[in-house]
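Both complexes shown next keep chain A, but they swap its partner, so chain B is in the first and chain C is in the second.
Right, the complex of A and B next:
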């Protein structure tokens, strides 16, 4: 079978994933949580929300692994999550972003097959204008890259896989 | 080596708001243990014309929930096909919906972008049908008739770079 072409791959730093879900509709939960995280200067690296899912309402986001304790503490505070909502925290996840040349649907399907064959989990995905981002186990991210490199055609001059710069946000902003 | 730079946007810069209208939202769940078979369904040649404009997947309780938006005519056929292929009861199909998506020079590097987005929509009582934020982009799926109002309210916290 002919290999699909992709434009490149990029992997994130180590993250943790929070899944918030409940059966009662709450339009305010996404706004409340993102406001809370912003007020504590916590950046969100990945977010999906499906407020009216067929099963329940789910809001998933990833923050840096070093923010897991702060974020858990904020979310567990009384009154943050509506009654009946629950929180799951999955530590040590990473995002692998694939820059597709061809159909995103085909690429998502092919990666589901390839990762399942090699027992690599897929915890979530989101598309953007030119890329598809997959959340997986950070400890398996090198293997997940290898599997994709074996399964797809990548250009020879592709950009680096790993981030070379890390941005830290200062707690104070002078001259604001 | 550490380099310290200070930059603060009074209004968050974006490259502009893009709108896509007359789309269908399709959602279905699939057992996580059979994700390989879902991959085989999504890889079928006759589904590639669907060309979804937006897709997210969330995993929970042993199932993966896939939500996508595509042109209404193709979306309807895809929904019928998925119902046949998966034989699952939990489906969602909404039409018409629209997508607003935008990205900016500092999205992904700083906190507060999602808050600015979701707070603005909540203040104006604009319901979000789905959303995905990754790779410095924000995608919002909304009822089609609320798209213009959404762009108007998002234009307050966000400034379109000139």
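Right, the complex of A and C next:
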């Protein structure tokens, strides 16, 4: 079978995934939680919402692994999550981003098959303007890259982009 | 009518590359894309761009390094370079100390988050488009 072409891969640093689930609408909760995290200078590396399910509403996001305690504490504070909402926390995950998808979402299916064949879990996925991002175990992220490199055609000299620093929000902003 | 000017967009955020590229293509520029400094260097050698929109913080080779290499190379030093800088960000690595774009050899800079219209106006000005 002919290999699909992709332009590149990008890895995240180590993250923690929070899944928030409940029966009532998630719109206000998404707004409340993202504002709360922003006010504590916690960056969100990944965000998906499932607001239209008939069974339950789900809101998933990832933050830096070193923010897991702060984030849990904020979410567990009284009044943040409505009654009946549950919070699951999956530590030590990473994101692998494949780009560009050029609206050819058979890439998603091909990666699902390739990862499943190698028992690599997928905890979440989202698409953006040009990329598809997958959440998996951080300890398996190198293996997941190898599987994709074996399964897809990448340009020469395109090693996966690996972050060399972590961004934090500053208290002060310099103007031009 | 197709614009013959070639703009190379370099950033490790593929969505930002795509967004800038779409905007430039809507202005009939030809667009090249690269996702780090090493790939950008290869692209410059493949086809010399008229202007480079260059992110500063990228893996493998950062924007300052590439900018300095190009501006010190007689063959490429007249390529216009606009740096994308995260002016407000504090970074934890000593490898990246904060510098204002204007203190480098770049021709100009624009701060992130980017105002796309402002960036396009800057590109138009440098390339002589109106």
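Before moving on, here are some points about what is shown:
Here is the rule we use: the second predicted complex is superposed on the first by the 158 of 176 C-alpha atoms of A that agree within 3 Å, B and C clash if a C-alpha of one lies under 4 Å from a C-alpha of the other, contacts with A are read in each partner's own complex, and residues count from 1 in each chain.
Convention: a contact is a pair of C-beta atoms (placed from the backbone, for glycine too) under 8 Å apart; a residue touches a chain by one contact, two chains touch by 3 or more.
Everything quoted here is computed from the prediction, not taken from an experiment.
In the superposed three-chain model, the partner touching more residues of chain A is B, compared with the other of chain B and chain C.
Within the superposed three-chain model, A:48 lies in touch with chain B and out of touch with chain C [touch as defined at top]. In the overlay built on the shared chain, the residue A:161 is in contact with chain C alone; chain B does not reach it.
In the superposition on chain A, A:8 contacts chain C only, with no contact to chain B. Contacts of A:131 after superposition: both chain B and chain C are touched. Contact with chain C, but none with chain B, is seen for A:100 once the two complexes are overlaid on the shared chain.
In the superposed model, A:78 lies in contact with neither chain B nor chain C. Across the superposed pair, chain B and chain C both touch chain A at residues 97, 128-131, 167, 169-170, 173-176. Chain B makes touch with chain A in their complex at residues 4, 6, 8, 27-29, 35-36, 38-44, 47-48, 50-52, 54-61, 63-65, 67-68, 90-92, 101, 103, 108-115, 117-119, 121-122, 127-137, 139.
Here chain C touches chain A in the complex through residues 12, 14-15, 17-19, 33, 35-36, 38-39, 42, 57-60, 86-93, 95-96, 100, 111, going by the rule given at the top.
If you check the complex, the residues on chain A that touch chain C are 7-8, 10, 97, 99-100, 128-131, 157-159, 161-170, 172-176. Against chain B, in their complex, chain A makes its touches with residues 19, 21, 27-28, 30-31, 34-35, 37-38, 41-55, 58, 60-61, 88, 95, 97, 103-106, 108-113, 115-117, 122-133, 167, 169-170, 173-176.
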